[in-house]
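Take a look at these structures.
Two complexes are shown next, each including chain A; its partner changes from chain B in the first to chain C in the second.
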Partner chain A sequence: MNNKKAQIQIFETIAVLVVFFILLGIGFIFYTKVIKSNIESDTAEISQSKSVSIAQRVMFLPEIQCSEDNVPKEDCIDTLKLDSAISVINKPENSLYYYDLFEFSDISIKEIYPSSGVAIQLYSKITTDYKNKFQTNAPVTLYDPKTKINKFGVISITTQTK
Partner chain B sequence: MKNKKAFEIQFNWIFVLIAGAAILTIFALVIFKQKSLSESSTNSIALRSIESVVAGTSVSTDVSSLITVPDLSIEVDCGKISIGKISKQYPRLVLFSPLSIKGNKIIAQTLSFSAPYKSSNLLFMTSQQIKYILIGDSPLIKSINKSLPSEINKENFSSYDQSKIRNSNNYKVRFVFDNVDVSPLGLPPSLLKMPDGDVTALKITGNSDKGAVDFYENKAGSFVSKGTSYYIGKAALIGAIYADTAEHYECNMKNVFVRHGIVTDIYFSRTTVLNNDGSMSLECKQAYSNSLPLISNIESASKNLAGTSPLSQTDIGRITGASESLSIQNKEAQKFSCPMIY
Partner chain C sequence: MKKAQTEILGLAIVVVLVIIATILVVKFGFSKSTNVRNDFTSSQEASNILNTFLKTSASDCSQLTMTELLQDCAQGTGIVCGNGEDSCGYVKSAATAILSGTIGAEKKKYEFLACSNFNLKEIKCYDPTPLVKIDNPPDIQPCPGQKKLKIFPIPINSGTIYVKLEICN
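And then the complex of A and B:
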């Protein structure tokens, strides 16, 4: 009789432990899911800030920015510099350097006023294997130093992050 | 029967002990894992905030800011920033700083590098726990003092009076001398107890446009020479003050010259187009044709400097010489209302 009672007590303890571990397991699974979703939202945030910093870099690129007596003009692109920059940036020996700066992105500039021109591609390195894609469009002045004429344009920066 | 009951009680205790130990082990493992995860997370958050500072400040010129970060030690190497076990490579990083930045207050500053046209922004970073002691009252020292942000822990003494220099528990102290031979100078008594390598000195020979910089560090109570390098412009000179070692300074300067070479290539093509333009006046064409060999000279010297170590004084001289002549041609272009070269 006593033996049976002890056995029941042991089974009770084991049952309590089993329930405890099941609850612990459920809690752990829930915790992992929360952590995973936090990591995903962090990754999206990192991608977005990376995209903003690439766009910032492009907007202040000395390679294309207008300057007068070494004083840079914000939101202004020198069209003569732009023509030269396209060939220099896309030289094979410079491709790694600009990849470090712009990573997977596509940068193009388009005249919109007085006439609507075709988009000129400054840099393009795109991948099909990306997780996030962001596009930034910013109005710019396109300045031709030869004719001293300003035109309106849009710089379009598309960044892809893995 | 009594014997059997005693066995049951013993078994219960053993069972409780094993189950308790298992539960405690599980919790201990979870806590340790969580602790290391949280440390990595703090480090990666700090690294990300440094990264955003690097990205944000490197596009704006002549700004300085005080940034509050978690109290960690940031290790800066050539093209690499590490916090704890987390590190990230930045292959073309231009960041002049001490090799380790400690404390929760970081000072970031940017200045543009121009020779004679702007090609990049130089980013400087240091800790408020590092003391900078400027020795001398020359115009150069005054100008450096003005250029360093007010948030920096800095002092200016007219002469190297060892008794005036106090130890304020800084983990690093950096002296800046203008054309003073540093080797015979001993360490101030107040700093004698600081470990070797934690007291450094920079001797500047030149002016704010160009010159040489000699790097020193403390060893057994005196300053020992650790190499010589060269600078063009005040921004690079300020970079030599922030950088601890000649190697770190030169690594950054090489990256600066890589970019300068590329930007120069663009200026060469642009000036060639202007020179070949039929609508330009003779005076304009004269300024452009005079500029082309100068730009070409800057380009080849920049490419040499980007590829060799230590920096060659000859190439530095070629850039400064060509820059001076190019600025004259730029003024000529401006005088005749021509599109300016830069």
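And then the complex of A and C:
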């Protein structure tokens, strides 16, 4: 009789332990999922911040930014500077310097008004091995200092992050 | 310890575990995801577009800027552009082309308005016929998403006109 009671108690203890470990397992799975989603969300946020900082670097790039009496103008691209900047940026000896600034991204400028023109590529270094891709379009004035004409354009910045 | 006391202790542990689980679910399950890039781009969008638009030169109107054409439109000095349009008409067609090529291409609703009798507190135009009005679609209200608004004052001889760009994301 005593032997049977002891066996029942042992089984009860084993059942409690099994339930405990199942609950522990469920808790662990939940915890890892939460941690994983937090890491993914942080990674996405870091990628977005990187994309924003690259976009800001492009918008304030002295190589293309308009200036008057050495005072830079915001949201303005000097079309004369742009022609020179394209050749400078795409020179093989400068590629490392501009990679440090723009990393994996594609930067192009397109005239919208008065005539809708073809996009001019300023910088392009893209990879197929990326995790996130963001596109930022910002309106800019395309200023021609020879004719003093302001045109409406859009600078399109596509950034890829790993 | 008596059996009843042990069971109460067990029940208390279960209750504590349930409370901890609920706190974790509330903390991690309902946390808002932040979108740094969207906040940055949408906050700048209306301001940048309007600022750039007002500086744009009119190719058929002696390269006058849109600001100068709007001033002429409000003062009625009667500039007629090379394409036969008056200053108000020219600004309207230029704004239509630019906004449809930028905000319209992203399928966002927008309203562009130039008005001489504008209430800044209510953000409302009291002109029966505004100087220029472009809205796509015809009425952007209500805007279920994030609304971005920029108002630029332009001085004229008899006071100030206001240019408003409202974008519904």
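Here is the rule we go by: the second predicted complex is superposed on the first by the 160 of 162 C-alpha atoms of A that agree within 3 Å, B and C clash if a C-alpha of one lies under 4 Å from a C-alpha of the other, contacts with A are read in each partner's own complex, and residues count from 1 in each chain.
Please note the rule applied: a contact is a pair of C-beta atoms (placed from the backbone, for glycine too) under 8 Å apart; a residue touches a chain by one contact, two chains touch by 3 or more.
Since this is a predicted model, take the numbers as computed values, not measurements.
Once the two complexes are overlaid on the shared chain, A:Lys148 sits against chain B and chain C alike. Touch criterion met: A:Ser87 reaches chain B, while chain C stays clear of it. Within the superposed three-chain model, A:Ser49 lies in touch with chain B and with chain C [touch as defined at top]. Contacts of A:Pro72 after superposition on the shared chain: chain B is touched, whereas chain C is not.
In the superposition on chain A, contact of A:Phe60 is made with chain B only, not with chain C. Once chain A of one complex is fitted onto chain A of the other, the partner contacts of A:Val140 are limited to chain C, with no touch recorded for chain B. Judged by the touch definition given at the top, the superposed model places A:Leu101 against chain B, while chain C stays out of reach.
Of the residues of chain A, those at positions 49, 148 touch chain B in one of the two structures and chain C in the other. Taken in their complex, chain C has these residues touching chain A: 17, 21, 24, 28, 33-37, 40-41, 44, 48-49, 51-53, 55-59, 63, 65, 94, 97-98, 101-102, 106. Partner chain C is touched in their complex by these residues of chain A: 23, 27, 30, 34, 37-38, 41, 44-45, 48-49, 51-52, 55, 75-76, 112-114, 116, 134, 136-141, 147-152, 154. Residues of chain A that touch chain B in their complex: 2-3, 6, 9-10, 13, 17, 20, 24, 46, 49, 53, 56-57, 59-60, 62-63, 67-70, 72, 78, 80-81, 83-85, 87-88, 94, 97, 100-101, 145-146, 148.
Residue ranges of chain B in contact with chain A, taken from their complex: 1, 4-5, 8, 11-12, 15-16, 19, 23, 26, 48, 52, 55-56, 58-61, 90-92, 114, 116-120, 258-259, 262-263, 265-270, 273-274, 277, 279-280, 330, 334, 339-340, 342.
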